[in-house]
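What follows is a set of structures for review.
The following pair of complexes shares a single chain, chain A, combined with chain B in the former and chain C in the latter.
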Partner chain A sequence: MAVSANDASIQSSKPRRLFALPDRRSRVGYAFIAPALLIVVVVSLYPIAFGIWLSFTDWYLLQSLTPTFAGLAGYRRLLGDADFWQSLGRSGVWTIGTVALEYVIAMPVALLLNRRSRITSFLTGALLLPWVTPTIVVAYTWRWLFDSQFGTVHYLLQRVGLAGERSLLADPKTALWALILVSAWKGAPFMAVALLATMKSIPGDLYEAAAVDGATRRRQFLDITLPLLRQVSVVMGLVLGILAFYSFDLVWVITKGGPSDATQILGVYLFRLFFERLELSYAATIGVAMLALLIVFSAVYLRVASRQDNDA
Partner chain B sequence: MNPRVRASARDIGLDVLSILAVGIFVFPIIWLFLTALKPSGQMFEGPLAILPHSITLDNFARIWNAVGFQTAFRNSLIVSTSSALIVTIVGLCAAYSLSRFRYRLRSLFAGGILAVQMLPGIVIVVPLIVILRSVGLTDRLAGLIVVYLLIGLPIAVWMLKGYMDDIPAELDEAATIDGASSLQVLWQIVMPLMAPATVAVGAFAFLLAWGEYLFAVALITSTEMKTLPLALQAAFGQYSIDWGMLTAGGVIISLPPAVLFLFFQRYLVGGLTTGGVKG
Partner chain C sequence: MSAPVDRLTRRTVTKAFAAGVLAPSLALAAGRRSVARAQEPATVTFWQFSQLQFNIDAYNAAIAEFEKQNPDIKVNMELVPWADQHQKLVTGLTTGNLPDVSMLGNNVVAEFQALGALAPLTDYFKQWSDEIGRDITEDIWPGDKLYYNLHDDWWGSPVAEETRCIFYRRDLFDKAGLGETAPDTWDAMRDAAVALTGDGVFGWGIPGGINYQTLQTFMSVYLGYGARFLNDEGMCGFDSPEFREALTYYTNLYLADKVSPPDTPTYDREPLVQLFMQGKLGMYIDGPDFYASLKEANPEFLDSVGVAQIAQGPAGRFGFLGGWPLVMWNTSKNKDAAFKWIRFATDPDGYLYQLAVASGNLPGRKSLVDREPWTVPPLDVFAAQMEFAYPYQYPDPEIPQMGTLEVDAVQTAVQSVMLGQTSVDDATLALVDRINAVLSR
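Moving on to the complex of A and B:
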């Protein structure tokens, strides 16, 4: 679309025209954002469209080298696929468990660090270490800590009766819960920092006034802090929930979905179909299903987050 | 006890409690470091033998000289540095466009980039790998760099836009009147004013790519192309009883992100809590 300077000046003098070509300054604006848009289109929009197309094909790498159109076959299979529904259920438990535990860990830590003290900023930095440690390292570190012979965490859990002889990761009944602990451990710092930032923004006068009225610290927490943290808690819960629901690497590296599929969450199921069973089309179908869920989650998130902007 | 003494005793008590709480919380990382420093003979003395009696750097030497580790270190450095540089430059231009220009599709573009920020890798991994294979980018560092652009770019655009919005537009207007082009305004006026934030965003893009696992494992097959997470995984399969060597590898992989993050904490924490996240 070549636009001469002359055209542009004519257009810009009639800004109300519906299909007005952009004026010179707007064109500069478009030019600056073009590289970023190119990356987004090539690496994300096109793969999404391609993935949707793949989900309507039949492409099993061991049988054919190219996809053939198969209509809704993949989606019909999805509806009757017990492994899919079980994985979805596990992802639900995994997501809710992770976020709940993150909150339980983060709240007391944030309260402790919400003070004026020389050490709190250092401790906040230290607290964030699990968040910035690469997943692969977190995964192996916890595998060692859960080791049934030499694992420190396993030993302590055994002493308080929460673990038996076997590692929690080796027992189908406990493996998912052990992984939820690891996942929450990695995500909790992020929740804590967000809670802490909001706590610091609460004006001190509120507490002073409440103290004058005879409110105990416990009452101050329940009646002032907690209600003012509601919004950030919901927003961060959704962000970390989406992150957990779509996570893959932590579980894959620690258990590969085992023992006997006990930790096969949706991301792991998709990856196994793709990577081990080479069922490209069906893996793409599950990807599209996960994308549809993401649109629902994001709509909820945007509603809640925009309410936050209005409140502020 | 008078109230002031009581207050300061309470402060000290809470300080001690805070140190204990954070200390217990980061125990796994402390354990990793201490284990990496332990001589082999002390490795399996029992679950509570956490502190080394003496320390050694042998473990680091062993993993560093293990097959493929140095290559993987170099690959990770190449991939993370290239993607971070491109993300920062492209991100600066996009942020400049969104922050300083008004045009019809601006809010659509801004919303689109934010939406991509929320797009999890697992959802597009299958089609993206098929596409990259069709253009011959599987098992090549270039393919990984392309993918990591997507992982780093949206958050970079949003963080940079946030910092840029805080710089008064009068400065660029004055420069424009003096005859500076838009590109000159960006590079010579705006960017220098937010140089630390720009470097912080680059560091963040670097550390997102540095630890990435999903696309690395899906794209890379040959040993010479492996990045550090894949090399550590390979070493884990091969030397699973050598905890010293493997923990040392873990420390080597964890150090760059930890150092970068602590260095730029001030910029990153604010940006992360406002702009959402991609972990």
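Moving on to the complex of A and C:
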């Protein structure tokens, strides 16, 4: 029986240590990434670890300047906290609504920009304006646009019967939907650019062959474009979903979670607990719960998406 | 074959450490050395909360003058918006990044004092009084003593005071046949607002959103109707006919009388200011700095604007007492230098007059109010209103929980009634429960 060089090296080498020191070449790599890793640990992992630890304490700033260990008290409170569950429900509607609307807006825009014309490159650049505009500017602008006394958007909505005398933002039944519209308006360009980039990478031969076979434009879109956009859609849906789930600034500047808590999503609830009610440890509990929920949701989402890919 | 690889590896490892680890370390060390050099004169970090340019200019001038007189002290002014005051300070408190000196809303002095975050100024005040031969605390407004003198110690040196008055449009009053003077009772105010409303004009713009402005306006009404924030046991005192009557009056301005714009339940200061300046509001309640803003934005407009004292209710006339002192934070490593700056900025013989004039508000010392511009209209009206200016919890002393309670508790009751989600009675009971939950923690 021939023995290969690898087998020989395995047989002749000393027993392998569980935690072997890296070789020289690997050390170069570790040296290069060490500063970046250090930054990640300091700015990301440490705060997360601190937040998790804080969630097991009792720290009400009006009573103490330092936290005391309280075990699972915060998590027990969370289970019975109606405000938390209502905020979670709103966060779910907000996240799904934002991503869905972003996709609905982004797809036709990307299809339109995928055509060759003189103004498409200009429009592609201009398309990104809402995405790159600071959230604070977007928020204040839309707040005024929706105002019943100053807002042109309110005026138009009122003309077509979609708004009454009061701004959509001042009505607990419509405020969250109005915010979702603003959020999607801001996020859709990012989605559109990602879809457009993928569309441009689809080989033209596929469409030519389909056309020769008599496929209509609609059939080409359904059978070629959409399936090939699937992967980018899954990834962008997850990325924008995470951004939406964690968002706070847009809602805070426009409505501060009101009216009557109608737009109080989890980020706003957490902020209020920390900065207004000074319940630092319970705010940390909410933060950890948000992180855990997002990890579970992302895992399930990717699993389902991957299973559907395999089935296809 | 291995030798070149080893040499390459050693070189690369060295370079990697130099580029990735040593270089940033050297840069940090260099940075620390340069910071150390810059800190040779004592540095006092000062958080200033006004974003108005004329206030910023006034503080810059004060700092320049102070540094000229005290070349061994450097004051670093950092701007923090009033709206972010609380969260910025809470963050600073929990992360250990507080300034040496800051402004502080009078309403949260007790909160941060209770937390042990403020440094007492009593000894400094005593030394100051000894130097000038008179007790400086006698020159402090009585209302401020309730805010800044806690547990027999002083925790703030007052800069400016503010109270609220009625701004009204003389031209609209004339057009509606209401004469020249503003109404003097809450009932008369509602009647005037009803008369002014129409043709795109709302008689009285009131805030109803979850913001400070709503409480600062509504407190004049509930105190005027005789309601008390705290009862004799130190718990919430709003479960009373007087508070229900006040809440009914305020919310009915929007619900029944419709004298305030449709978005009132979410309105804060900004849209009301805009509406007033556009001639769409007949009356609006705000502080003296609003007059200063009007003066800067549209001086011609002032001819048609009148200012009157807050209206009276069955229990009397009550206006909001705002204001801010300079405070020293306990974490300051340059307390003596910090107090030198506090003294300079809050001394009637130092720079207090200029800072108070620039703020458009009233001065933090009684002895200055007899000087212009506080003796001429409209600031004389605000000076007169100061006699009726009180905190939310009048007649009770300041409580540490007020910083938490004033953010959204009362406003939530106002808003939910305005939106038709709950009755005055249910909103009152929910409010009482909420406040008591905070007070009993």
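In the analysis below, the second predicted complex is superposed on the first by the 274 of 312 C-alpha atoms of A that agree within 3 Å, B and C clash if a C-alpha of one lies under 4 Å from a C-alpha of the other, contacts with A are read in each partner's own complex, and residues count from 1 in each chain.
Basically, a residue touches a chain if its C-beta (ideal position, glycine included) is under 8 Å from a C-beta of that chain, and two chains touch if they have at least 3 such contacts.
Note that this is a predicted model, so its numbers are computed, not measured.
K.L.:
Could you classify chain B and chain C on chain A, in the superposed arrangement, as clash or fit?
P.N.:
clash
K.L.:
For A:E165, is the partner it touches chain B (first), chain C (second), both, or none of the two (neither)?
P.N.:
Second partner only, chain C.
K.L.:
Scan A:L278 for contacts with chain B and chain C and give back first, second, both or neither.
P.N.:
Once the two structures are laid over each other on A, A:L278 reaches chain C alone.
K.L.:
Quick check on the superposed pair: does A:F32 touch chain B, chain C, both, or neither? Answer first, second, both or neither.
P.N.:
Both partners, chain B and chain C.
K.L.:
Taking the superposition as given, does A:V253 touch the first partner, chain B, the second, chain C, both, or neither?
P.N.:
Touch partner of A:V253: chain B, not chain C.
K.L.:
Using the superposition on chain A described above, determine whether A:F150 touches chain B (first), chain C (second), both, or neither.
P.N.:
So A:F150 meets both chain B and chain C here.
K.L.:
Going by the contact rule stated at the top, is it chain B or chain C that touches a larger number of residues on chain A?
P.N.:
B
K.L.:
Which of these chain C stretches, 38-46, 74-82, 128-136 or 200-208, gets into chain B when the structures are overlaid?
P.N.:
Superposition on chain A puts chain B right on top of 74-82.
K.L.:
On chain A, what residues does chain B touch that chain C touches as well?
P.N.:
Common to the two interfaces on chain A: residues 25, 28, 31-32, 35-36, 149-150, 274-275, 280.
K.L.:
List the residues on chain B that touch chain A in their complex, please.
P.N.:
Going through chain B, the ones touching chain A are 11, 14-15, 17-19, 21-22, 25-29, 31-32, 35, 44, 46-48, 50, 90-91, 93-94, 96-98, 100-106, 109, 112-113, 115-116, 118-131, 146-147, 149-150, 153-154, 157, 182, 186, 207, 210-211, 213-214, 217-218, 228-229, 232-233, 236, 243, 246-247, 250, 253-254, 257-258, 261-262, 265, 269-270, 272-273, 276-277, 279.
K.L.:
Which residues, counting only chain C, touch chain A once they are in their complex?
P.N.:
Residues 5-6, 9-10, 12-13, 16-17, 20-21, 24, 86-87, 90-91, 93-94, 111, 114-117, 209-211, 261-266, 271, 274-275, 280, 400-401, 404, 407-408, 412, 415-416, 419, 421, 438, 441.
K.L.:
Would you mind writing out the residues of chain A in touch with chain C in their complex?
P.N.:
Interface residues on the chain A side: 24-25, 27-28, 31-32, 34-36, 60-63, 65, 147-150, 165-167, 169-172, 255-260, 272, 274-278, 280.
K.L.:
Taking the touch rule as given, give the residues of chain A at its contact with chain B in the complex, in rising order.
P.N.:
Residues 22, 25-26, 28-33, 35-37, 39-40, 42-44, 46-48, 50-51, 54, 105, 108-109, 112-113, 115, 117, 119-120, 123-138, 140-142, 144-145, 149-156, 185-188, 190, 193-194, 197, 239, 242-243, 246-249, 252-253, 267, 270-271, 274-275, 280, 283-284, 287, 290-291, 294, 298, 301 of chain A touch chain B in their complex.
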